[in-house]
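Same chain, two partners: chain A is paired with chain B first, then with chain C.
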Partner chain A sequence: MQVLVGGLTVGAVYALVALGMSLIFSISGVINLAQGGFVVLAALLAVALQGHLGLPLAADLALVIAIMVVLLAAVERVVVRPAVHRGNNERVLLVTVGLLQATGGLLLVAWGNLPYTMRPFNGTQSLHVAGASVPTQTLWVLGALVLAVLGLWWLLNRTDIGLTLRATAAKPDAARLMGVDVDRMRLISFSVSGFMAALAGVTIIPLTFAGYDTTTPYAVNGFIAAVLGGLGRLWGAVAGGLILGLLNALFGRFLSGTLAQVVAIGILILVLLVRPTGLFGASESRR
Partner chain B sequence: MTEPLLRADGLSRSFGGVQALSEVSFAVLPGQIRAIIGPNGAGKTTLLDVLTGFTPADAGQAYLDGQPILGLPPHRLPGMGLMRTFQTARLIPTLTVRENVMLGGHHLTRSRFLAHGLGLPVARREERALRARADEILRFLELERLAESPAAALPAGLQRLAEVGRALAAGPRLLLLDEPAAGLNDSETLELASVLKAVRGKGVTVVLIEHNVNLVMSVSDAVLVLSAGMVIADALPEQVQRDPVVQAAYLGDR
Partner chain C sequence: MAVPRWANFLVIAGVFYLVVLGLDVLMGQTGQVSLGQTTFMALGAYGGGLLSLKVGWPTAAAAVAALAASIVLAVALGKTLLRLRGYYLALATLGLAVITQGLATSLVDVTGGPSGLVGIPNLTIGPLTFADDTSNYYLVAVLCIAACWFSRNLTRSQTGRALAAIAADQTAAAMLGVDPAAYKTRAFVLSAAYASVAGSVYAYYFRFFSPDMVGVVVAFSLVVMLGLGGSRSLIGPLLGVLLLQLIPQGGQRIAIFEPLIAGIILIVVMTYLPTGLWGGIRQLPWALRRAMTSR
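Let's turn to the complex of A and B:
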């Protein structure tokens, strides 16, 4: 039970990373490997803003969300868009790897090589559920995932922008004919994934330590989760993240943490070999 | 003399050694239904592709209301009032018919992403207006009972009709239709003819590529005939029908 709680918590963060990656991929075909790095950036921003400005929690969260939304829009406009216009998606993939490294480097310069954490939102007390102790912060993390999923569903299915986003995801060329500015759709998808990175980073940081060297694990695990769920499939990304988190926790509990990472990569390779469309991507058409 | 809404000026385009278009010039007056006919391979679809920026022209320019349109990115054209449909409909297969039609009107909405993201009333109002307009168009095309079907589930002929609806939702001044009657049966073709006349009645200018001679003769105000990439006739429908050059081109007797 305790393993389940830990696994779901980590899984929710992977799910948020994977959700952002899958959203961007479905809309623009770009695999944004830097998404995991942005989660850590959001986490450290939250720590810094709280530490230096003494902001209350709600303001801290709102400010980090605003910064990440604007920052990722800028990243799309300044880095990704020129790359997309000039090269193919494989080359853009390398650009996002560069972005991930650059994010790690920025963190090292700005925050140094120390790991950071933050006080939990509601203190350190835990709830006791079925024999397991559940930190209240876990509920914030899971709540963030639920909020992201509901928000994204609402945006995609209940708004005009969502209609154009879905159209772009299904058939970019046809959408362009309808006057949809595909560049703008990509920018929006980056902004929304910035929102998700902020939610993930700010809610998970009280439960863990983050620093410049934790960007890659988030990026890798988020990518594995996205592939597990079928890249570009939003609900698959959520399921993939949660499954990966649980597997990680199980292997970490009964074997070792290092081995858990090997197993995760093993799963990635296995999925790509046997079911490249992901566990949930069987019947529908490919992108 | 009214100014033409669309003017093509010396459009040329070759693919390898094939001259698909050779100095094609013509003008379309506002409020007209202008048919473009010609044997297979005459360059009709290439002409639409060039006009809508899908295929760059080797030479020439086209003007919409005096504004040059060649070289503009395709997503700018709906905003200028120019919409087109395709021989094989390009609906978004996973969206419903109504959503596809709503998408056509999307560029008319003004509220920005932020307004939608925050669910502001202005965005909701526009969303409702867009939906109402789509339903009105679907009623006009007698497609309302299919509004909730995924576009991919429609037979090809109805997909093309839905595509006309999507183009209409954009509130175009000029509608370019590529063989809208292909795959329609006789009664559906008759219905399409009345739809086209009603569209013209609403002040929309139509350029119609069509093989169905009956449809062309019954609805069009003027007919442009292409053969081997060249304009061989540009006249009233009944004149074109009697033109020996046109008859020769269609019978391959040249």
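Let's turn to the complex of A and C:
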């Protein structure tokens, strides 16, 4: 049970990363590998703002979320949009790899090469549920995922912008013909994923250490989760992330950490071979 | 060919050039994104190293055995993985890269774990032992020239044209009688062979090998080197390798800015020079003419 809790926690972070990636992919066909880097950036921002400005927790979180939303919009405008207009998907993927690298580089320059962490929001006592010790911070992480999922559902299904987003995701060319500004939709999707990266970063940082070199695992695992769930399928991304986290934790119980990850990924590759478009992806008849 | 003072740097660059040339066969010529080159580098390096260190085989024979194992693995993996397309293939090969690094790290009894495999002997072919920078530089240079010759002939051959057809439109190629699965597997095997040989040479040169040398970061940087330099060419990969290897040489004072600079270079080149640095350089005459005549 303890193992499940740990797995769900990590899985929730992967799910948030995957959700951002899947959302951006469904709107624009771009896989934003830099999501992993943005999670760490959000985490370190939260630490820095709390440390240097002495902000109370709520203000700290709100500020980080606001910064990330604006930053991702700027990133889309300055980095991604020119790349999308000029190149094909492969090129844009490499651009996001460069973005991931640059984010890590920025973290190194601004925060140095030491890892950081933060005190848990509600102190260090744990709850005891069904024989497992659950740190209260875990509830924050899971709560963040629930908030993100509900917020996204509300945005997509209950607002006009959401309707436009869904239309663009379904058929970008048709949407463009109907006068939808696809660039703007992509910008919005980037901002929303910035929101999710912020949620992920600030809630997980009290439970782990983060630094300039911890970006790659989040990016890799988020990507794996997003593809596993079927690219563009938002529920799939959530499921993919949680499953990946749980698999890692379950195998970590019996094998060393690295070997557990190897087995988990091996299983995922097998899944891909059986269902080439992911667990929940649509079966594509075209290439 | 004179041996510059930076022979050590050039040996490493040469090893990576071999691997990236192999990757170009798969990505540049056949259009399949693959993060799996490190898997075969690891096989070549650990295979050759272990066979010669722990089992006592002559190094050349060990490298050939590792190459054979890589080819067998590539055939098996090719038949299964190459059914996937686009991002899904990238993901599966990314999984390979993660598994490679993971196995190299955790199978401590076999691979020496994170601290690596030490005491690998230098390569010996007949009476020649490649122990120092100079001899390894020549070895790598010869291998690279051979690889370039092979790649160039491949591009101009029927197989090369088949690969290009598959890269352009797999379904159309199939309709024209090109068997995508067979050719893709062939390309995969070829790139694995390049990587395996490069890995063996790498291990014999350093007399040491560790999981970091074939980690996920390395797998990504191989793709970056190819994209940065320009695929479907011989000079492109070389430019990419040199550029990415040169950045860390910049010196201690800018060391902290290296990842940031590397990332920004990648972003800028990929956005404004989609055919890579070499592609951009080749198009320079046309670009200049266009700039001067558009008034």
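Convention: the second predicted complex is superposed on the first by the 273 of 287 C-alpha atoms of A that agree within 3 Å, B and C clash if a C-alpha of one lies under 4 Å from a C-alpha of the other, contacts with A are read in each partner's own complex, and residues count from 1 in each chain.
Heads up, the rule we're going with is that a residue touches a chain if its C-beta (ideal position, glycine included) is under 8 Å from a C-beta of that chain, and two chains touch if they have at least 3 such contacts.
In this text the structure is predicted, and so the values were computed from the model without any measurement.
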Based on the superposed arrangement, let me know which partner A:T164 touches: chain B (first), chain C (second), both, or neither?
first
Quick check for you: in the superposed arrangement, does A:L94 touch first (chain B), second (chain C), both or neither?
second
Contact breadth on chain A, by residue count: chain C or chain B:
C
Of the partners chain B and chain C, which touch A:L155 in the superposed model: first, second, both, neither?
first
Which superposed partner A:A83 touches (first chain B, second chain C, both, neither):
second
Go through the superposed model and pick first if A:I188 touches only chain B, second if only chain C, both, or neither.
first
Identify the partner contact of A:M178: answer first if only chain B is touched, second if only chain C is, both if each is, neither if none is.
first
Show which residues of chain B lie in contact with chain A when the two form their complex.
52, 73-79, 84, 90-95, 99, 102-104, 106-107, 109, 111, 113, 116-117, 119, 123, 126-127, 130, 166, 170
Residue numbers on chain C that touch chain A, as the complex places them
33, 80-81, 83-88, 90-92, 94-96, 98-99, 101-103, 105-106, 169-171, 216-217, 220, 223-224, 227, 256-267, 270-272, 274
In their shared complex, at which residues does chain A touch chain B?
155, 159-164, 166-167, 170-171, 173-182, 188, 191
Listed in rising order, chain A residues that touch chain C in their complex are 31, 79, 82-83, 86-95, 97-106, 108-109, 212, 216, 220, 223-224, 227, 231, 255-256, 258-259, 261-262, 265-266, 268-269, 272-273, 276-278, 287
